[in-house]
Every structure is written in structure tokens, then in C-alpha cells.
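Should a chain be cited, it is by its letter among A, B, C and D, assigned in written order, with residues numbered from 1 in that chain.
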Amino acid sequence: MELGMIGLGKMGANMVERLQQGGHKITGFDPSADARKAVQAAGADAVDSLAALVKALPAPRVLWMMVPSGKITDDTVDALLPLLARGDTVIDGGNSNYKDTLRRAKLYAEHGLGYVDCGTSGGVWGLKEGYSMMIGGDEQVVEALRPIFETLAPAKEQGWGRVGPVGSGHFTKMIHNGIEYGMMQAYAEGFSILKHKRDFGLDLHQVGEIWRYGSVVRSWLLDLTTDALEKNPNMDGVAPYVVDSGEGRWTVDAALELSVSAPVITLSLMERYRSRDDDSFADKLLSSMRNEFGGHAIKKE
Amino acid sequence: MELGMIGLGKMGANMVERLQQGGHKITGFDPSADARKAVQAAGADAVDSLAALVKALPAPRVLWMMVPSGKITDDTVDALLPLLARGDTVIDGGNSNYKDTLRRAKLYAEHGLGYVDCGTSGGVWGLKEGYSMMIGGDEQVVEALRPIFETLAPAKEQGWGRVGPVGSGHFTKMIHNGIEYGMMQAYAEGFSILKHKRDFGLDLHQVGEIWRYGSVVRSWLLDLTTDALEKNPNMDGVAPYVVDSGEGRWTVDAALELSVSAPVITLSLMERYRSRDDDSFADKLLSSMRNEFGGHAIKKE
Amino acid sequence: MELGMIGLGKMGANMVERLQQGGHKITGFDPSADARKAVQAAGADAVDSLAALVKALPAPRVLWMMVPSGKITDDTVDALLPLLARGDTVIDGGNSNYKDTLRRAKLYAEHGLGYVDCGTSGGVWGLKEGYSMMIGGDEQVVEALRPIFETLAPAKEQGWGRVGPVGSGHFTKMIHNGIEYGMMQAYAEGFSILKHKRDFGLDLHQVGEIWRYGSVVRSWLLDLTTDALEKNPNMDGVAPYVVDSGEGRWTVDAALELSVSAPVITLSLMERYRSRDDDSFADKLLSSMRNEFGGHAIKKE
Amino acid sequence: MELGMIGLGKMGANMVERLQQGGHKITGFDPSADARKAVQAAGADAVDSLAALVKALPAPRVLWMMVPSGKITDDTVDALLPLLARGDTVIDGGNSNYKDTLRRAKLYAEHGLGYVDCGTSGGVWGLKEGYSMMIGGDEQVVEALRPIFETLAPAKEQGWGRVGPVGSGHFTKMIHNGIEYGMMQAYAEGFSILKHKRDFGLDLHQVGEIWRYGSVVRSWLLDLTTDALEKNPNMDGVAPYVVDSGEGRWTVDAALELSVSAPVITLSLMERYRSRDDDSFADKLLSSMRNEFGGHAIKKE
């Protein structure tokens, strides 16, 4: 198929490469000349404006957005709207909040345009191993995109699927990330306890290696964790500072809205907040409270 | 009544003073000459050995231990055993683990000695406001000590009681402290959110003052918290480092043993651990995992 | 002062009564004739429409809304708008989300109308004990209402205050409720552990009574909890079903938005969700997972 | 090698079968005649007493215990002691608490006997896929058992290793299970949120299938979870009742002892407690508290 890729960053460029290898004809757009050159080197065409991109594609057009969620996605959606024609389809492959997706899809539907949300997992490994894709949209629209998904996925019939109407793809991807937070935190806590049990002198990389084969906790995340422990067993030079990227808090938002208890996913997110607050007011206040009622000494800064 | 007080630290000395004011005749023991002088100034006698203390008291003797839990309590219990006579009673007013209390009481019962556990709350304010006392022991033994408890309590019939057999006093005090951890954490989190809502420019001390009268969250802990916020609104110079003293983790142990879910008390304890770990291995590992799968940059130390 | 009270339910009627007792002249409005009669019995006037209420008050008018948050508040705000004149003031004494308050206040400001948010705590006890009030709004507007607040508060200078600009009152009240959730959960967990320690045969009401005097955990909530344990020691006939009313989840929302870790408040909310889900899909799935990897038997429904 | 297997239940019998297939000569012991017959059918010998087992093996003997942790392991360890001779080795392949292992190993060392702890993961799938084994013990003793571990493991050099001195194997396995609890809970929460988002009509089995390939959350536990969702998409007939087996709470114990924050593992355990308490006293008390301060209706049982 022919497809226009909007956004040629780390994720977008990898996808272009995998699609080109799969025999598709990709034209990419990115404001950065370097990014454009990189995909040209991989055999794709690249243009320097959305208008040029739309012009370069045969009707009905298929465009894949791989841009940061939020304002940039909104700007792109708005800029494309007047350029497109009835029957064209835009796929949002990024990490958009599903509520934004519902809003954008409604706008596009009013103009006879297809809108598909594709929650994409796989990170930097997707180029080689394929992407896991949770797709929301009208059945016929998604079906027409089958060749694209079959190429991006790890295998033709594996790792992708239409999970429901538009919005459901991003919703499912959001929950995927919530689970990811919980799993990561579980491993981190476990390895941390092992680390603190100093009298056993455990080699955490070795423990991870053992667990990778035959254990109940084997997983791809464990493979990566073990790899990280091999490269840097004591995490030298790494700050205890963990970023979160939005999908975790949206998962908690969803739990709150649906009145579902999700303590582990929620705590995993809050531990990340805590990691970035090295001057916790709450903890200072607690120390002062102890001093007030018990006369316990306050540790000074 | 006549009573021997073992341990004339902050808590023990205050108790001696309150008991003397209540008309009791107290003889204190502490290895520190300064500590002995302090209670003598308050009108009590003081001696420099356990043997002298036992000798100074009329039979049947009543001894109150107010010493640190663990080894010092065990040493005191062991040292007293050969000095005492059938009918004497020892009260452990400290923060002992109730399982240790059960063990010690069994030993004393084998020698015809009374053993009473008195979980004591009130901290440095107890001298003025009276102590809340949760008491475990045989009914008759506890009843014989009534004049002591009536004086130490905030009022004759308030703030004290025999809650059950020996061990139950310390168990109940332990749970008291678990609840205390949870309440403290709840306030700390709430004030922390207020603090971070910078656009409202809230005065946390003022908010605490308002809540002290008529609100659902009014409490003695809030009174103290508000006082701390008045003295030091921004917690200047206070390290975000919160000590825990054993009773919190014993409460969690009890929850685990009884298979009772106690998430808030447990989390409150673990937040204290977290406050003291400013170089969290778990968080470093999480940051490295994110780099592994997503190529996300690691913040350097 | 003269004041119009909109909403004569449990809270509104109590406030009318307290204000009348304080020498203010109150005219109430409620669509229910019974509710109107009740406040008339307390010496207040009552009318059957917002228009009549506005007409009954001298300019500049002061109106206090004590209605359910959400749609009813919005409807009232909208209905009042055309009836009011420059210089009039509306106070929202209910549990509105502070974001809604900001929106409504903006609308009113555009029409030269005062808008004040008053987070009100105290529940059904406020009539007798006074209300704790966290107030947001322009300084002059709030100052003009001083006589009202001094009467509703527990004492003239206690339990109320302007904490900041409009919205800050409801924000502060929201956090108050978040703390309340955490405190309640801490007590509930503690008493639950005591309950499950069957060999000590503890009397939970007695324990609560002891803690009420001199202990670190003494509070008004403990007073009420002890009262509940006296009336119904084993909670006979009470379903383990805990309602939440919006302010808890808004507090968690605020924590998420501000990236503040608030594990105890959050867990307290989620425990309430869990209490209302007696057929947990998560737990069924966990049981099935155990069967899958370990061959462990599944408990049947 | 020749090896005596003590305990021919689900795990022990599977291990015998895998070892026989690997060319080892196994003699099994179990008090149950049926269990003995089953391993005889797989080509192993079987005897009906520990004494007969010890007699059947050539010196230095190697015995593998695969029995329930706690009393039965202690009984077996005690019964074997007088039967064994200097140079013999006992391996505890079960889920013993590492503190018990340290105690037992000390006793055996005093008698010149080898004692090795092997934390074994893999469940009912180990027969086919091999077991993940974390081994503690003296280097030479463990090295001598290499042929056994190479056969039981998924591959000769994969999925097993000596992680440290005696006790460290069971400690590491305990943490493995703690992580397992956290991962399971993360998946369960995620699928539960998906389930409650009814308007998207998601097929949870399909979502699991998609995630199995290429996603960040792919794992063996996800494979099993997806399988469970295929067999029983709505978990019909499954009670929301989740058992825990000791290792989770020991992990929390270890976190407490080492003062390490492990909120997610801990909460995962407590959620299991909660799942088994369908008449929560804590929740009843919370409902009653709400009634006390707010006059909110109590839901009746």
C-alpha cells in the first residue's frame, strides 16, 4: 500500500523502515530535514509540508500520524482537515488520550473522513520485532488498512487487531501502559529487596538470568531488566528519578471514573511522583509532627 | 500508693512528677545521676540500683518500668526476677512488642509474680494532660493498681482501662500507633497537595486553624500540626526524613498474621522507609528499564 | 444581616436555624413545602420561588446556596443570574468542584456580581457546634459577609477564614475530605485488626473510649466512631458497603494533576470502590491465573 | 546420577519423570501407594519409608525433598538426620521460609551433612518446560549436583544457578513470588478496568492475544491469563476469592525487616486478604462513621 507517515522521529522512522521492508511505498513528512534524510536513506520518499504529503498520495489517502500526543496531534489534525477529501483515512498511532481521539474522530466523521486510533506498543524494539497494535475504528476502514498492520505486527496474524469502535484502541493501549507501570514497579521492588539483603551477596544480574528461563515471572520486561543489570549492576550514575508520560495517570483517571479499585497501578504511578520529589514537604511535616507530640528530634537538612 | 519507677528519662520522669502531684510516694531508679537529681527535685526519692529500689519499697511491691523496649526491658525483667517476692507486681509501661510481654509474663507467673502491660500514649504532653493507658493483666492485679492509673490518666474515670489479659495492653497500644501513622500520613498528604497548589497561595497554618474548630478532621494531631505550621510554615531546615519506631511494623506484622487487609497503615509505614532512602535502587532500576524499552533518556546523578 | 438561603435540606435548614438564633433575618427558598414549613417554624420566612426570594431581600442582596453539587448548582446559578443586580453576592456553601466554581465565578464577575465559595464542614453537628468554613473570594466581598460567618462558625474568631481567591475555599474543603477519607480508613483498619485478634476478646467500644482521652489518636472522628461502636458493637445489620461522594476522587485528581504522591488518601478512596464490588472480576481472574500456572484449585461461586 | 526423591505429589512426581527422561536413576518415597505407583509407571523405583530410601541409595547419598513447607519439612529433616552419613546431601526443593532453611542447614552442618536450598519455579509446566531454580549452599556441594540441575532446568546452562550461601536460594525464590503477586495484580487490575469500560465492548481474550506479541507487557503470565480468558471469558462460576501461600507475606516481612518500601508487592498481598473477607468489619465501621457525622444512610445487609 501507499501511506503517508507524519512524524519521522524515533518511532515514526522505524515504522517507515519496517513498512518499506514489507514492500509498502511510504512518503514521510517531518519539519526536520535530518529526519527526512534518514527515511530517504531507507528508501522512502520525504516531503517538507503536510500539503505536499497529501498531494503525493493517491486517493483515497491513508495517513499515519506518529507525533507527540496533545497539542501537536491537535495541530496536525486541524491542519490536515482542509487538505483531505471524502474517503481519506487518518490513523493516530501515538499515545493520545482516548477522549481526545473521540473528539477528533467526531470532527472527521462530520467531514466524511475516516479516523482510526492505533495504540502502539513495542518501543525502540518494534523495528526488529514488530509492534503490538490495538486498533479502534469502523470495521471497514480498519479492514482496508490490513496490509499495513500485517507488516508492522510481529507476524501477519499476531499482535494486532481491531478491538472496538474508535477510541477503544487508545483506551486499550492506555491500560496496557498502566499494567506496564505495575509490572515495572513489582520487579523494581523485588530487586530492591534482594539488593538490601546484603549478607547473601546476591548478583542481581545472575538472578534475573535464572528467572528468564522457566520461572513464573519471565517476561520481556525481565529480559530488558536483566540486560540493564548486566550493563550496570549497581546503577552507577543513574538518578533515582522516574518519569511518567501521561498514560499512567489516564489509567488512574479511568479507574476513578469507572469506580474500579486499581491500587497497584495507582501506587506505581505515585511512586514515580515520589521519586521526583527529593524535598518532600509531606515528609518534613511528618518529622515535625513527631517532634510535636513525642519530642522526637528532627533531622536537619 | 508507693511505687518504684524504673527509668527516669523523658517519659518516666514526667510520670513520677504527675504521680507525686497526685499524692503518691515514688522512688525512682536510673543509672544516670542527673536523671535521679531531676526527680528528687520534684519531691521523689531516687536510688542508684535496682536492688536498692526493691529494698526501698514495702511489700507487696509495685514497680513500673519505663525503659526502651527490647534488650533493656529484657535485662531489667531478668535482673528484677531474683529480687522480687511472691505478690509483687511489675508494670511494663513502655512500647514492648506484645509477644515479648507474653513471654515475660509467663516467666513471672511461674514465680508467683504479677506482670501487667500498660500501653501508654500521650508523649511529652502526658505530664500536663494525663496519659491514655491500655492495660493488660489479671483483673485483681490491675484493680490493685487503680490509684496509680487514676492519677496518671487525664481524669479518674477517663483514658484508661483494663482491656484484657496480659499482652492485650501492648497489642492495643501497637494498633493505636498504627492508626497514628495512618492519620499522620493523611494530614501530611493533604497539606502537601495544598502546598503544591501554588496559584491559590494558601497559608497552611491558617487552614489548619480553621479545621481545628467544627471540621470533621479536627483532632489533637491537627492541633499539633497547626502548631508546627505556625512555628515553621515552610518546614525550613527540616529534612524529609521520617523515623519509625517499631510499633508501626508490628502492626503490619499483626495484620499479616491475622490476614487482615490494612493498606493505609501499611503504606504509611512504607512511606517512612521511602523517606529515608534518598538513593532508591528501585527508582534507578525503573529509570533504566524505561531506557531499555523506550530509549527514554536516563537522568544522571 | 438579611440573607436568602437556597435549599432547605438537612444542611440548609440547620444553617437557617443557627443564623436565626444568631439574630440574622433569613428568608429561605425550597421547592418542597415541608422544607419551607420547617424553617418557618424556626422563625424564618420562606418563599416558593427564586424570584420571590430575590424580591424579598434588600439590595445589595446576599444569597447562600446549599444545594447538591453539579447540575442543581449549575441550574440555580443560571436561574439567579438574570434576577440579580450589580453588587449582589451569591455564596456556594455546598461541595462543588472548585473548577466548576472558577467557571461560575467568572460568569458572575462579568455581570458585576459577587461570587464566594464556602467549603463547609461539620455535617449534622454543625447546628449545635458550629461549622468549619473555608472561604474563597474577593477580600472586600468576604469581609462584608463577616457577621454571617461569625454566627455559623463555632466561635466568632474560630473555624472560619478567607483562605484565598475564589475557588480556593472549595479546593481546601476538597482536601479536607481527602484527609477525612484517610483518617477514617486508618481507624477502620485499626479497629478491624483489634476485632480479628479474637484471643484477646477486646471490647472495641471500650478501647475507643480509652483512646478518646489523652491518646495521640484522639479526635472528633474517634468520638463518633466510639459512639457507633457503643450503639452497635458488632456492626450487626450494616452492609460492608461504603459510599464516596466525589470530593475524594477530586482530591486524587488534584494529586495527579499536581504530580503529588498521596498514596493513603488514594487507597482510602479505592477501598471504598472495592467495598461496593462484591463480585470482583480482578479477583476471579487472579484465582484463575493461579490455577493456570500452579494447578491450584479454583474456589467455585 | 542417583537421587532419592522425597514427596511424590504433583511437583515431586513431575520432577522424577523429567529426571528419568534425562537419564538419571531415581528412587522415590511417598507414604501414598498411589503416588508410588505413578512414578514406578514412569520408570522410577519407589519405596515406602525414608529408611528404605536411604538404604536404596549409594553413598554419598543425594536426597531431594519436595514436600509442603513447615511442619512436614521439619519432620522429614529430623527423621532423615539419624539415617544419613557424613558426606550425604539433602536438597530442599520446596517453598521453605529461608529462616527455617538456615536453622536446618546449621543442624546438618553440625553432623557433617550437606544441605542445599533450591527455590523452584515453574509450577505444573516444569515437567515439559523445565524448572527455574535458585540455589543456595556451599559451592562444592552445589557443583556436585550439577547433572541434576542441568536436567531439571529448561536448558543445560539456563534457568538455574547457585546464587549464594545456604538460605539464599529460598530467599530469592520468595522474592520471585512477591514479584509474581505484583505482576498478577497489575494484570488483574488492567483487565478489570477494560471489563468495566462497557461502552467499548472489549473482548478481553482478544486484547490479551494482541498483547502477547510485540507489546511491552508480554510475559508467560500473560500467556496463561489469555488462555484463562479464552476458556472462561466472564470468569463464570469462579469465586472472587484469592488464596495466598506464605511466600508473599514472607516477602513483606523481609521488606519490613530491611526497611525497604515495597508498596506494590504488599498491596497485592493485602488485596488477596481482602478478597477472602466478604463481610469486612472495616467497611461496616466506615459506613457507620459516615452515618454518625453526616447522617448518611447506612446500607443494610
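As a convention for this text, contacts are C-beta pairs under 8 Å (C-beta built on N, C-alpha and C of every residue); 3 or more make two chains touch, one makes a residue touch a chain.
What you are looking at is a predicted structure, and each value in this text was computed from that prediction instead of being measured.
Farthest chain from subunit B, judged by C-alpha centroids: A. Comparing the contact residues of subunit A and subunit C by number shows a mostly shared set, over half of all numbers used being common to the two copies.
Work out the mean CA point of subunit B and of subunit C, and you get 33 Å between them. Distance between subunit A and subunit C, defined via averaged C-alpha coordinates, is recorded as 39 Å.
In whole angstrom, the spacing between the mean C-alpha positions of subunit C and subunit D is 48.
Contact with two or more other chains is made by residues 123, 185, 187, 189, 192, 196, 216, 220-221, 255, 259-263, 267, 271, 274, 282, 293 of subunit A.
Contacts from subunit A toward subunit C in the complex involve residues 216, 249, 252-253, 255-256, 259-263, 266-267, 269-271, 273-274, 276-277, 282, 293. Only residues 121-123, 126, 129-134, 136, 153-155, 158-161, 163-165, 167-168, 171-172, 175-183, 185-187, 189-190, 192-194, 196-197, 200-203, 206-207, 209-222, 251, 254-255, 258-265, 267-268, 271 of subunit D touch subunit A when the two sit together in their complex. Residue ranges on subunit D touching subunit C, taken from their complex, read 10, 123-125, 184-185, 187-189, 191-192, 195-196, 220-221, 224-225, 227-229, 232, 235, 237-243, 263, 267, 271-272, 274-275, 278-296, 298-301.
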